[in-house]
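Residue numbering begins at 1 within each chain, and the chains themselves are lettered A, B, C and D in the order written.
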Amino acid sequence: MTMMTVEQIEHFLDEVFPQRMGKIESVGDDMHANMRLAINNTHLRPGSRVSGPTMMGLADVCLYVAILAQIGPVAMAVTTDLNCHFLRAAPGDRDMIAKAKVIKLGRRLAVGEVQLFCADDDRPVAHITATYALPESELAITR
Amino acid sequence: MTMMTVEQIEHFLDEVFPQRMGKIESVGDDMHANMRLAINNTHLRPGSRVSGPTMMGLADVCLYVAILAQIGPVAMAVTTDLNCHFLRAAPGDRDMIAKAKVIKLGRRLAVGEVQLFCADDDRPVAHITATYALPESELAITR
Amino acid sequence: MTMMTVEQIEHFLDEVFPQRMGKIESVGDDMHANMRLAINNTHLRPGSRVSGPTMMGLADVCLYVAILAQIGPVAMAVTTDLNCHFLRAAPGDRDMIAKAKVIKLGRRLAVGEVQLFCADDDRPVAHITATYALPESELAITR
Amino acid sequence: MTMMTVEQIEHFLDEVFPQRMGKIESVGDDMHANMRLAINNTHLRPGSRVSGPTMMGLADVCLYVAILAQIGPVAMAVTTDLNCHFLRAAPGDRDMIAKAKVIKLGRRLAVGEVQLFCADDDRPVAHITATYALPESELAITR
(Lines give C-alpha, C1' and ligand atoms only; values in the text may rest on other atoms or scores of the structure.)
Protein backbone atom coordinates (compact mmCIF):
# COMPACT_ATOMS: atom_id res chain seq x y z
CA MET A 1 0.00 0.00 0.00
CA THR A 2 1.37 3.44 -0.86
CA MET A 3 1.76 6.10 1.85
CA MET A 4 -0.51 8.50 -0.07
CA THR A 5 -3.31 8.05 -2.57
CA VAL A 6 -3.58 9.94 -5.86
CA GLU A 7 -6.15 12.24 -4.25
CA GLN A 8 -3.97 12.92 -1.21
CA ILE A 9 -0.97 13.74 -3.40
CA GLU A 10 -2.98 16.09 -5.65
CA HIS A 11 -4.35 17.83 -2.56
CA PHE A 12 -0.87 18.17 -1.07
CA LEU A 13 0.55 19.52 -4.32
CA ASP A 14 -2.32 21.99 -4.70
CA GLU A 15 -1.06 23.54 -1.48
CA VAL A 16 2.72 23.43 -1.91
CA PHE A 17 3.22 23.35 -5.69
CA PRO A 18 0.25 24.87 -7.54
CA GLN A 19 2.51 25.74 -10.51
CA ARG A 20 3.08 22.08 -11.41
CA MET A 21 2.02 20.55 -14.72
CA GLY A 22 -0.28 17.61 -15.34
CA LYS A 23 -2.71 15.35 -13.52
CA ILE A 24 -1.83 12.14 -11.70
CA GLU A 25 -3.39 9.02 -13.20
CA SER A 26 -2.02 6.37 -10.85
CA VAL A 27 0.59 5.52 -8.23
CA GLY A 28 1.43 2.07 -6.93
CA ASP A 29 3.31 -0.29 -4.66
CA ASP A 30 5.73 -0.97 -7.48
CA MET A 31 6.93 2.63 -6.91
CA HIS A 32 5.45 3.94 -10.16
CA ALA A 33 3.50 7.10 -10.93
CA ASN A 34 1.70 7.90 -14.17
CA MET A 35 0.65 11.42 -15.15
CA ARG A 36 -1.07 13.08 -18.11
CA LEU A 37 -0.57 16.61 -19.42
CA ALA A 38 -3.02 18.36 -21.74
CA ILE A 39 -0.75 20.23 -24.14
CA ASN A 40 -1.49 23.87 -24.92
CA ASN A 41 0.34 26.62 -26.75
CA THR A 42 2.53 27.48 -23.77
CA HIS A 43 4.09 24.02 -23.97
CA LEU A 44 5.34 24.29 -27.55
CA ARG A 45 8.63 25.03 -29.28
CA PRO A 46 9.38 25.84 -32.94
CA GLY A 47 7.64 23.41 -35.28
CA SER A 48 4.55 23.01 -33.05
CA ARG A 49 6.28 20.29 -31.08
CA VAL A 50 6.18 19.86 -27.32
CA SER A 51 9.17 21.75 -25.88
CA GLY A 52 12.02 20.12 -24.02
CA PRO A 53 11.43 22.09 -20.81
CA THR A 54 7.80 20.95 -20.84
CA MET A 55 8.94 17.34 -21.07
CA MET A 56 11.57 17.74 -18.36
CA GLY A 57 9.12 19.56 -16.11
CA LEU A 58 6.49 16.85 -16.47
CA ALA A 59 9.08 14.12 -15.88
CA ASP A 60 10.42 15.92 -12.82
CA VAL A 61 7.02 16.26 -11.15
CA CYS A 62 6.01 12.71 -12.10
CA LEU A 63 9.07 11.26 -10.37
CA TYR A 64 8.40 13.52 -7.37
CA VAL A 65 4.86 12.10 -7.22
CA ALA A 66 6.22 8.55 -7.38
CA ILE A 67 8.49 9.33 -4.42
CA LEU A 68 5.72 11.07 -2.42
CA ALA A 69 3.57 7.99 -2.85
CA GLN A 70 6.28 5.97 -1.12
CA ILE A 71 7.46 8.31 1.63
CA GLY A 72 4.53 10.62 2.36
CA PRO A 73 4.13 14.42 2.14
CA VAL A 74 7.67 15.81 1.95
CA ALA A 75 7.55 19.24 0.38
CA MET A 76 11.26 19.81 0.39
CA ALA A 77 12.57 16.79 -1.48
CA VAL A 78 14.70 18.41 -4.18
CA THR A 79 16.03 17.26 -7.51
CA THR A 80 19.83 17.10 -7.43
CA ASP A 81 20.38 16.03 -11.02
CA LEU A 82 18.29 15.27 -14.07
CA ASN A 83 19.37 13.73 -17.36
CA CYS A 84 17.10 13.74 -20.39
CA HIS A 85 17.51 12.06 -23.76
CA PHE A 86 15.08 13.38 -26.35
CA LEU A 87 14.17 10.55 -28.71
CA ARG A 88 11.49 11.73 -31.11
CA ALA A 89 9.57 14.87 -31.93
CA ALA A 90 6.35 15.07 -29.91
CA PRO A 91 3.49 16.60 -31.90
CA GLY A 92 1.69 19.33 -29.97
CA ASP A 93 -1.83 18.11 -30.67
CA ARG A 94 -1.93 15.23 -28.22
CA ASP A 95 -1.76 14.76 -24.47
CA MET A 96 1.61 13.80 -23.09
CA ILE A 97 1.85 10.75 -20.82
CA ALA A 98 4.58 10.31 -18.19
CA LYS A 99 5.46 6.97 -16.63
CA ALA A 100 7.86 7.29 -13.71
CA LYS A 101 9.39 4.55 -11.63
CA VAL A 102 11.61 4.82 -8.56
CA ILE A 103 14.56 2.47 -9.12
CA LYS A 104 16.34 3.12 -5.85
CA LEU A 105 14.81 4.51 -2.67
CA GLY A 106 17.59 5.15 -0.20
CA ARG A 107 17.72 6.97 3.10
CA ARG A 108 19.18 10.14 1.60
CA LEU A 109 18.72 9.79 -2.16
CA ALA A 110 16.05 8.42 -4.47
CA VAL A 111 16.76 7.66 -8.13
CA GLY A 112 14.16 7.06 -10.77
CA GLU A 113 13.52 6.92 -14.46
CA VAL A 114 10.68 8.37 -16.50
CA GLN A 115 9.46 7.57 -19.98
CA LEU A 116 7.35 10.10 -21.86
CA PHE A 117 4.85 9.25 -24.58
CA CYS A 118 2.34 10.99 -26.77
CA ALA A 119 -1.14 9.66 -26.10
CA ASP A 120 -1.97 6.62 -28.24
CA ASP A 121 1.63 6.05 -29.35
CA ASP A 122 3.76 3.45 -27.60
CA ARG A 123 7.12 4.77 -28.81
CA PRO A 124 8.78 6.86 -26.07
CA VAL A 125 9.53 10.50 -26.99
CA ALA A 126 11.98 11.06 -24.13
CA HIS A 127 13.79 9.11 -21.44
CA ILE A 128 14.74 10.79 -18.18
CA THR A 129 16.71 9.70 -15.13
CA ALA A 130 16.94 11.87 -12.03
CA THR A 131 18.01 11.92 -8.40
CA TYR A 132 16.10 13.47 -5.51
CA ALA A 133 17.72 14.36 -2.20
CA LEU A 134 15.42 13.44 0.67
CA PRO A 135 15.34 15.62 3.79
CA GLU A 136 16.57 13.47 6.65
CA SER A 137 14.61 15.04 9.48
CA GLU A 138 11.35 14.58 7.65
CA LEU A 139 12.31 11.04 6.74
CA ALA A 140 12.91 10.28 10.39
CA ILE A 141 9.24 11.08 10.86
CA THR A 142 7.76 9.49 7.79
CA ARG A 143 9.62 6.23 7.44
CA MET B 1 31.93 38.42 -35.70
CA THR B 2 28.84 36.39 -34.88
CA MET B 3 26.40 35.38 -37.62
CA MET B 4 23.53 37.15 -35.83
CA THR B 5 23.33 40.04 -33.37
CA VAL B 6 21.33 39.98 -30.15
CA GLU B 7 18.60 41.99 -31.88
CA GLN B 8 18.46 39.63 -34.86
CA ILE B 9 18.23 36.60 -32.61
CA GLU B 10 15.45 38.13 -30.47
CA HIS B 11 13.55 39.02 -33.65
CA PHE B 12 13.98 35.52 -35.06
CA LEU B 13 12.87 33.91 -31.77
CA ASP B 14 9.85 36.21 -31.55
CA GLU B 15 8.69 34.59 -34.76
CA VAL B 16 9.57 30.94 -34.24
CA PHE B 17 9.64 30.55 -30.45
CA PRO B 18 7.48 33.17 -28.72
CA GLN B 19 7.03 30.88 -25.69
CA ARG B 20 10.67 31.06 -24.69
CA MET B 21 11.88 32.49 -21.39
CA GLY B 22 14.24 35.36 -20.77
CA LYS B 23 16.01 38.17 -22.59
CA ILE B 24 19.37 37.95 -24.31
CA GLU B 25 22.07 40.16 -22.79
CA SER B 26 25.00 39.30 -25.05
CA VAL B 27 26.45 36.88 -27.57
CA GLY B 28 30.02 36.73 -28.77
CA ASP B 29 32.79 35.35 -30.92
CA ASP B 30 33.87 33.16 -28.04
CA MET B 31 30.63 31.24 -28.64
CA HIS B 32 28.95 32.49 -25.47
CA ALA B 33 25.43 33.76 -24.83
CA ASN B 34 24.19 35.42 -21.65
CA MET B 35 20.50 35.75 -20.78
CA ARG B 36 18.44 37.15 -17.91
CA LEU B 37 15.07 35.96 -16.68
CA ALA B 38 12.78 38.05 -14.47
CA ILE B 39 11.35 35.49 -12.04
CA ASN B 40 7.61 35.49 -11.37
CA ASN B 41 5.26 33.17 -9.54
CA THR B 42 4.94 30.77 -12.48
CA HIS B 43 8.65 29.97 -12.16
CA LEU B 44 8.54 28.77 -8.54
CA ARG B 45 8.44 25.45 -6.75
CA PRO B 46 7.70 24.63 -3.10
CA GLY B 47 9.67 26.87 -0.74
CA SER B 48 9.49 29.95 -3.05
CA ARG B 49 12.56 28.77 -4.91
CA VAL B 50 13.05 28.86 -8.67
CA SER B 51 11.85 25.51 -10.04
CA GLY B 52 14.09 23.01 -11.80
CA PRO B 53 12.13 23.12 -15.07
CA THR B 54 12.48 26.91 -15.11
CA MET B 55 16.24 26.55 -14.78
CA MET B 56 16.48 23.84 -17.41
CA GLY B 57 14.26 25.81 -19.78
CA LEU B 58 16.36 28.94 -19.43
CA ALA B 59 19.57 26.96 -19.89
CA ASP B 60 18.18 25.21 -22.94
CA VAL B 61 17.20 28.43 -24.71
CA CYS B 62 20.43 30.17 -23.72
CA LEU B 63 22.53 27.45 -25.33
CA TYR B 64 20.26 27.56 -28.40
CA VAL B 65 20.93 31.30 -28.61
CA ALA B 66 24.69 30.72 -28.34
CA ILE B 67 24.46 28.27 -31.26
CA LEU B 68 22.25 30.58 -33.36
CA ALA B 69 24.81 33.34 -32.92
CA GLN B 70 27.38 31.06 -34.52
CA ILE B 71 25.41 29.36 -37.31
CA GLY B 72 22.57 31.74 -38.15
CA PRO B 73 18.78 31.34 -38.04
CA VAL B 74 18.13 27.59 -37.77
CA ALA B 75 14.71 27.05 -36.27
CA MET B 76 14.90 23.30 -36.18
CA ALA B 77 18.08 22.66 -34.25
CA VAL B 78 16.86 20.33 -31.52
CA THR B 79 18.18 19.32 -28.12
CA THR B 80 19.12 15.64 -28.08
CA ASP B 81 20.20 15.41 -24.46
CA LEU B 82 20.42 17.68 -21.46
CA ASN B 83 22.05 17.02 -18.12
CA CYS B 84 21.49 19.31 -15.15
CA HIS B 85 23.11 19.33 -11.74
CA PHE B 86 21.26 21.50 -9.25
CA LEU B 87 23.77 23.02 -6.86
CA ARG B 88 22.02 25.47 -4.57
CA ALA B 89 18.51 26.69 -3.85
CA ALA B 90 17.69 29.75 -5.96
CA PRO B 91 15.55 32.27 -4.09
CA GLY B 92 12.57 33.42 -6.12
CA ASP B 93 13.01 37.15 -5.49
CA ARG B 94 15.89 37.78 -7.89
CA ASP B 95 16.48 37.62 -11.61
CA MET B 96 18.15 34.50 -12.88
CA ILE B 97 21.24 34.83 -15.08
CA ALA B 98 22.30 32.20 -17.61
CA LYS B 99 25.80 32.00 -19.08
CA ALA B 100 26.07 29.51 -21.94
CA LYS B 101 29.12 28.53 -23.91
CA VAL B 102 29.40 26.24 -26.92
CA ILE B 103 32.30 23.85 -26.24
CA LYS B 104 32.11 21.91 -29.47
CA LEU B 105 30.52 23.05 -32.71
CA GLY B 106 30.51 20.14 -35.13
CA ARG B 107 28.87 19.56 -38.45
CA ARG B 108 26.04 17.51 -36.98
CA LEU B 109 26.20 18.11 -33.24
CA ALA B 110 26.90 21.05 -30.97
CA VAL B 111 27.70 20.60 -27.29
CA GLY B 112 27.67 23.34 -24.69
CA GLU B 113 27.57 24.07 -21.03
CA VAL B 114 25.51 26.59 -19.10
CA GLN B 115 25.93 28.03 -15.64
CA LEU B 116 22.98 29.62 -13.88
CA PHE B 117 23.25 32.29 -11.22
CA CYS B 118 20.95 34.45 -9.12
CA ALA B 119 21.55 38.12 -9.86
CA ASP B 120 24.30 39.61 -7.66
CA ASP B 121 25.57 36.23 -6.44
CA ASP B 122 28.58 34.63 -8.07
CA ARG B 123 27.95 31.11 -6.82
CA PRO B 124 26.33 28.99 -9.55
CA VAL B 125 22.91 27.53 -8.69
CA ALA B 126 22.92 24.96 -11.49
CA HIS B 127 25.30 23.53 -14.10
CA ILE B 128 23.94 22.19 -17.37
CA THR B 129 25.50 20.40 -20.33
CA ALA B 130 23.51 19.65 -23.46
CA THR B 131 23.79 18.52 -27.06
CA TYR B 132 21.95 20.01 -30.03
CA ALA B 133 21.50 18.16 -33.32
CA LEU B 134 22.00 20.52 -36.24
CA PRO B 135 19.93 20.07 -39.39
CA GLU B 136 22.30 19.23 -42.20
CA SER B 137 20.44 20.75 -45.09
CA GLU B 138 20.16 24.07 -43.35
CA LEU B 139 23.79 23.89 -42.37
CA ALA B 140 24.72 23.40 -45.97
CA ILE B 141 23.17 26.80 -46.54
CA THR B 142 24.34 28.62 -43.48
CA ARG B 143 27.93 27.56 -43.06
CA MET C 1 16.50 -11.51 -37.18
CA THR C 2 19.53 -9.52 -36.09
CA MET C 3 22.18 -8.41 -38.60
CA MET C 4 24.91 -10.25 -36.66
CA THR C 5 24.94 -13.22 -34.32
CA VAL C 6 26.69 -13.29 -30.95
CA GLU C 7 29.55 -15.23 -32.55
CA GLN C 8 29.91 -12.78 -35.43
CA ILE C 9 29.97 -9.82 -33.05
CA GLU C 10 32.58 -11.43 -30.76
CA HIS C 11 34.70 -12.22 -33.81
CA PHE C 12 34.38 -8.65 -35.12
CA LEU C 13 35.23 -7.17 -31.72
CA ASP C 14 38.24 -9.47 -31.33
CA GLU C 15 39.63 -7.73 -34.39
CA VAL C 16 38.69 -4.11 -33.80
CA PHE C 17 38.34 -3.86 -30.02
CA PRO C 18 40.37 -6.55 -28.22
CA GLN C 19 40.62 -4.36 -25.09
CA ARG C 20 36.89 -4.59 -24.36
CA MET C 21 35.44 -6.14 -21.22
CA GLY C 22 33.03 -9.06 -20.89
CA LYS C 23 31.41 -11.78 -22.95
CA ILE C 24 28.19 -11.48 -24.91
CA GLU C 25 25.41 -13.72 -23.69
CA SER C 26 22.64 -12.79 -26.12
CA VAL C 27 21.38 -10.26 -28.65
CA GLY C 28 17.91 -10.08 -30.12
CA ASP C 29 15.31 -8.61 -32.42
CA ASP C 30 14.00 -6.55 -29.54
CA MET C 31 17.28 -4.60 -29.82
CA HIS C 32 18.72 -5.97 -26.57
CA ALA C 33 22.19 -7.28 -25.72
CA ASN C 34 23.19 -9.06 -22.53
CA MET C 35 26.80 -9.42 -21.40
CA ARG C 36 28.62 -10.93 -18.43
CA LEU C 37 31.90 -9.79 -16.90
CA ALA C 38 34.02 -11.95 -14.60
CA ILE C 39 35.26 -9.49 -11.98
CA ASN C 40 38.94 -9.52 -11.02
CA ASN C 41 41.13 -7.25 -8.92
CA THR C 42 41.66 -4.75 -11.74
CA HIS C 43 37.93 -3.97 -11.67
CA LEU C 44 37.75 -2.91 -8.02
CA ARG C 45 37.71 0.35 -6.10
CA PRO C 46 38.17 1.03 -2.37
CA GLY C 47 36.05 -1.29 -0.29
CA SER C 48 36.42 -4.27 -2.67
CA ARG C 49 33.50 -3.03 -4.71
CA VAL C 50 33.28 -2.97 -8.49
CA SER C 51 34.57 0.41 -9.66
CA GLY C 52 32.46 2.97 -11.47
CA PRO C 53 34.66 2.99 -14.58
CA THR C 54 34.33 -0.79 -14.81
CA MET C 55 30.56 -0.44 -14.74
CA MET C 56 30.52 2.38 -17.28
CA GLY C 57 32.91 0.48 -19.55
CA LEU C 58 30.81 -2.65 -19.48
CA ALA C 59 27.63 -0.66 -20.10
CA ASP C 60 29.24 1.20 -22.98
CA VAL C 61 30.37 -1.94 -24.78
CA CYS C 62 27.08 -3.72 -24.11
CA LEU C 63 25.10 -0.94 -25.77
CA TYR C 64 27.59 -0.94 -28.65
CA VAL C 65 26.95 -4.68 -29.06
CA ALA C 66 23.20 -4.10 -29.05
CA ILE C 67 23.63 -1.55 -31.84
CA LEU C 68 25.99 -3.77 -33.87
CA ALA C 69 23.41 -6.55 -33.73
CA GLN C 70 20.96 -4.19 -35.44
CA ILE C 71 23.13 -2.40 -37.98
CA GLY C 72 26.02 -4.74 -38.70
CA PRO C 73 29.80 -4.36 -38.30
CA VAL C 74 30.42 -0.62 -37.83
CA ALA C 75 33.71 -0.14 -36.05
CA MET C 76 33.51 3.61 -35.85
CA ALA C 77 30.21 4.17 -34.12
CA VAL C 78 31.20 6.41 -31.23
CA THR C 79 29.62 7.29 -27.91
CA THR C 80 28.67 10.96 -27.81
CA ASP C 81 27.32 11.06 -24.27
CA LEU C 82 26.89 8.68 -21.39
CA ASN C 83 25.00 9.21 -18.15
CA CYS C 84 25.33 6.82 -15.24
CA HIS C 85 23.46 6.67 -11.96
CA PHE C 86 25.13 4.41 -9.42
CA LEU C 87 22.44 2.80 -7.29
CA ARG C 88 24.02 0.27 -4.95
CA ALA C 89 27.48 -1.01 -4.03
CA ALA C 90 28.44 -3.98 -6.19
CA PRO C 91 30.45 -6.58 -4.25
CA GLY C 92 33.58 -7.65 -6.10
CA ASP C 93 33.09 -11.38 -5.65
CA ARG C 94 30.42 -11.94 -8.28
CA ASP C 95 30.11 -11.63 -12.03
CA MET C 96 28.53 -8.45 -13.30
CA ILE C 97 25.62 -8.72 -15.73
CA ALA C 98 24.75 -5.98 -18.25
CA LYS C 99 21.37 -5.73 -19.96
CA ALA C 100 21.32 -3.13 -22.74
CA LYS C 101 18.42 -2.08 -24.90
CA VAL C 102 18.35 0.33 -27.83
CA ILE C 103 15.42 2.69 -27.27
CA LYS C 104 15.85 4.75 -30.41
CA LEU C 105 17.67 3.73 -33.56
CA GLY C 106 17.84 6.73 -35.87
CA ARG C 107 19.76 7.46 -39.02
CA ARG C 108 22.47 9.44 -37.26
CA LEU C 109 22.02 8.69 -33.56
CA ALA C 110 21.14 5.66 -31.47
CA VAL C 111 20.06 5.98 -27.84
CA GLY C 112 19.90 3.14 -25.37
CA GLU C 113 19.72 2.27 -21.73
CA VAL C 114 21.64 -0.32 -19.75
CA GLN C 115 20.96 -1.89 -16.40
CA LEU C 116 23.78 -3.53 -14.48
CA PHE C 117 23.33 -6.33 -11.94
CA CYS C 118 25.47 -8.54 -9.77
CA ALA C 119 24.92 -12.18 -10.68
CA ASP C 120 22.01 -13.74 -8.77
CA ASP C 121 20.66 -10.43 -7.51
CA ASP C 122 17.76 -8.78 -9.31
CA ARG C 123 18.29 -5.28 -7.87
CA PRO C 124 20.11 -3.07 -10.39
CA VAL C 125 23.44 -1.64 -9.22
CA ALA C 126 23.62 1.04 -11.91
CA HIS C 127 21.47 2.57 -14.64
CA ILE C 128 23.08 4.03 -17.75
CA THR C 129 21.74 5.93 -20.73
CA ALA C 130 23.95 6.78 -23.68
CA THR C 131 23.95 8.06 -27.25
CA TYR C 132 26.00 6.67 -30.12
CA ALA C 133 26.70 8.64 -33.30
CA LEU C 134 26.42 6.38 -36.33
CA PRO C 135 28.73 6.96 -39.31
CA GLU C 136 26.54 7.88 -42.24
CA SER C 137 28.63 6.46 -45.04
CA GLU C 138 28.77 3.07 -43.41
CA LEU C 139 25.08 3.25 -42.68
CA ALA C 140 24.41 3.86 -46.32
CA ILE C 141 25.97 0.48 -46.91
CA THR C 142 24.55 -1.47 -44.05
CA ARG C 143 20.95 -0.35 -43.83
CA MET D 1 45.55 25.54 2.22
CA THR D 2 44.29 22.15 1.12
CA MET D 3 43.69 19.36 3.68
CA MET D 4 46.10 17.05 1.86
CA THR D 5 49.09 17.60 -0.41
CA VAL D 6 49.62 15.83 -3.73
CA GLU D 7 52.05 13.46 -2.02
CA GLN D 8 49.65 12.67 0.82
CA ILE D 9 46.85 11.94 -1.62
CA GLU D 10 49.01 9.68 -3.80
CA HIS D 11 50.15 7.82 -0.68
CA PHE D 12 46.57 7.44 0.53
CA LEU D 13 45.40 6.20 -2.87
CA ASP D 14 48.28 3.74 -3.12
CA GLU D 15 46.78 2.07 -0.08
CA VAL D 16 43.07 2.21 -0.77
CA PHE D 17 42.85 2.44 -4.56
CA PRO D 18 45.96 0.97 -6.23
CA GLN D 19 43.94 0.22 -9.41
CA ARG D 20 43.40 3.90 -10.21
CA MET D 21 44.72 5.56 -13.36
CA GLY D 22 47.05 8.52 -13.71
CA LYS D 23 49.33 10.71 -11.64
CA ILE D 24 48.32 13.84 -9.77
CA GLU D 25 49.97 17.02 -11.02
CA SER D 26 48.42 19.59 -8.69
CA VAL D 27 45.61 20.34 -6.25
CA GLY D 28 44.68 23.73 -4.88
CA ASP D 29 42.62 26.00 -2.69
CA ASP D 30 40.42 26.79 -5.64
CA MET D 31 39.18 23.17 -5.32
CA HIS D 32 40.91 21.98 -8.48
CA ALA D 33 42.93 18.86 -9.22
CA ASN D 34 44.97 18.17 -12.34
CA MET D 35 46.10 14.70 -13.37
CA ARG D 36 48.04 13.16 -16.25
CA LEU D 37 47.65 9.68 -17.71
CA ALA D 38 50.27 7.99 -19.92
CA ILE D 39 48.18 6.22 -22.54
CA ASN D 40 49.00 2.60 -23.38
CA ASN D 41 47.32 -0.06 -25.46
CA THR D 42 44.90 -1.04 -22.71
CA HIS D 43 43.36 2.44 -22.89
CA LEU D 44 42.38 2.30 -26.56
CA ARG D 45 39.24 1.61 -28.56
CA PRO D 46 38.78 0.94 -32.29
CA GLY D 47 40.69 3.46 -34.38
CA SER D 48 43.60 3.79 -31.92
CA ARG D 49 41.73 6.43 -29.99
CA VAL D 50 41.52 6.71 -26.22
CA SER D 51 38.44 4.77 -25.09
CA GLY D 52 35.44 6.32 -23.40
CA PRO D 53 35.80 4.24 -20.23
CA THR D 54 39.43 5.38 -19.94
CA MET D 55 38.29 8.99 -20.12
CA MET D 56 35.47 8.49 -17.63
CA GLY D 57 37.76 6.59 -15.26
CA LEU D 58 40.39 9.31 -15.33
CA ALA D 59 37.76 12.02 -14.83
CA ASP D 60 36.20 10.11 -11.95
CA VAL D 61 39.46 9.71 -10.04
CA CYS D 62 40.53 13.29 -10.77
CA LEU D 63 37.35 14.67 -9.23
CA TYR D 64 37.80 12.30 -6.28
CA VAL D 65 41.31 13.73 -5.81
CA ALA D 66 39.95 17.28 -5.94
CA ILE D 67 37.47 16.37 -3.19
CA LEU D 68 40.09 14.58 -1.06
CA ALA D 69 42.26 17.67 -1.22
CA GLN D 70 39.41 19.62 0.39
CA ILE D 71 38.04 17.19 2.96
CA GLY D 72 40.91 14.86 3.81
CA PRO D 73 41.33 11.07 3.48
CA VAL D 74 37.83 9.69 2.97
CA ALA D 75 38.07 6.31 1.30
CA MET D 76 34.37 5.73 0.98
CA ALA D 77 33.19 8.80 -0.86
CA VAL D 78 31.27 7.29 -3.76
CA THR D 79 30.20 8.58 -7.14
CA THR D 80 26.41 8.74 -7.35
CA ASP D 81 26.12 9.95 -10.93
CA LEU D 82 28.44 10.82 -13.77
CA ASN D 83 27.62 12.48 -17.07
CA CYS D 84 30.10 12.58 -19.92
CA HIS D 85 29.96 14.37 -23.24
CA PHE D 86 32.57 13.16 -25.69
CA LEU D 87 33.64 16.07 -27.86
CA ARG D 88 36.52 15.00 -30.10
CA ALA D 89 38.49 11.87 -30.88
CA ALA D 90 41.54 11.59 -28.63
CA PRO D 91 44.56 10.13 -30.45
CA GLY D 92 46.20 7.33 -28.51
CA ASP D 93 49.76 8.57 -28.89
CA ARG D 94 49.66 11.38 -26.34
CA ASP D 95 49.21 11.70 -22.59
CA MET D 96 45.75 12.61 -21.42
CA ILE D 97 45.33 15.56 -19.08
CA ALA D 98 42.41 15.91 -16.65
CA LYS D 99 41.40 19.20 -15.04
CA ALA D 100 38.78 18.77 -12.33
CA LYS D 101 37.09 21.42 -10.26
CA VAL D 102 34.65 21.05 -7.39
CA ILE D 103 31.74 23.41 -8.08
CA LYS D 104 29.73 22.63 -4.96
CA LEU D 105 31.02 21.11 -1.75
CA GLY D 106 28.06 20.39 0.50
CA ARG D 107 27.70 18.44 3.69
CA ARG D 108 26.38 15.34 1.96
CA LEU D 109 27.09 15.84 -1.74
CA ALA D 110 29.93 17.29 -3.78
CA VAL D 111 29.48 18.19 -7.45
CA GLY D 112 32.28 18.88 -9.86
CA GLU D 113 33.20 19.16 -13.49
CA VAL D 114 36.18 17.78 -15.35
CA GLN D 115 37.67 18.71 -18.70
CA LEU D 116 39.92 16.25 -20.51
CA PHE D 117 42.60 17.22 -22.99
CA CYS D 118 45.28 15.55 -25.05
CA ALA D 119 48.71 16.85 -24.08
CA ASP D 120 49.67 19.98 -26.04
CA ASP D 121 46.19 20.59 -27.40
CA ASP D 122 43.91 23.11 -25.71
CA ARG D 123 40.66 21.83 -27.22
CA PRO D 124 38.80 19.65 -24.70
CA VAL D 125 38.13 16.06 -25.80
CA ALA D 126 35.49 15.38 -23.16
CA HIS D 127 33.47 17.23 -20.53
CA ILE D 128 32.29 15.43 -17.42
CA THR D 129 30.08 16.41 -14.50
CA ALA D 130 29.62 14.13 -11.52
CA THR D 131 28.29 13.95 -7.97
CA TYR D 132 29.98 12.30 -5.01
CA ALA D 133 28.11 11.27 -1.87
CA LEU D 134 30.18 12.07 1.21
CA PRO D 135 30.02 9.77 4.20
CA GLU D 136 28.57 11.76 7.08
CA SER D 137 30.33 10.09 9.97
CA GLU D 138 33.72 10.62 8.42
CA LEU D 139 32.81 14.17 7.59
CA ALA D 140 31.99 14.78 11.21
CA ILE D 141 35.62 13.94 11.88
CA THR D 142 37.28 15.65 8.99
CA ARG D 143 35.45 18.94 8.68
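Going forward, contacts are C-beta pairs under 8 Å (C-beta built on N, C-alpha and C of every residue); 3 or more make two chains touch, one makes a residue touch a chain.
On a predicted model such as this, the values are computed, not experimentally measured, just so you know.
Novice: Between chain A and chain D, which partner chains are common?
Specialist: Shared contacts of chain A and chain D: B, C.
Novice: What are the chains that chain C and chain D both touch?
Specialist: Touches both chain C and chain D: A, B.
Novice: Which chain's C-alpha centroid is most distant from that of chain B?
Specialist: Chain centre farthest from chain B's centre: C.
Novice: Tally the contacting C-beta pairs at the B-C interface and at the A-C interface, and name the larger one.
Specialist: Of the two interfaces, B-C and A-C, more C-beta pairs touch across A-C.
Novice: Could you work out how far the Cα centre of chain A sits from that of chain C, in whole Å?
Specialist: 28
Novice: Could you work out how far the Cα centre of chain A sits from that of chain B, in whole Å?
Specialist: About 23 Å separates the centre of chain A from that of chain B.
Novice: Averaging over Cα atoms per chain, report the distance between chain B and chain C in Å.
Specialist: 33
Novice: Which chain D residues reach two or more other chains?
Specialist: Residues 80-81, 83, 85, 131 of chain D touch two or more partner chains.
Novice: What graph shape do the protein chains here make by touch: line, ring, star, complete or other?
Specialist: Topology of the interface graph: complete, with all chain pairs in contact.
Novice: Which residues, counting only chain A, touch chain B once they are in their complex?
Specialist: Listed in rising order, the residues of chain A that touch chain B are 16-17, 19, 41-47, 51-54, 56-57, 60, 75-76, 78-86, 89.
Novice: If we count contacts the way the header does, which residues on chain A are in touch with chain D in the complex?
Specialist: 80-81, 83, 108-109, 131, 133
Novice: Quick one: which bits of chain C touch chain A in the complex? Just the residue numbers, please.
Specialist: Within the complex, chain C touches chain A at residues 83, 85, 87-88, 103-104, 111, 113, 124, 127, 129, 131.
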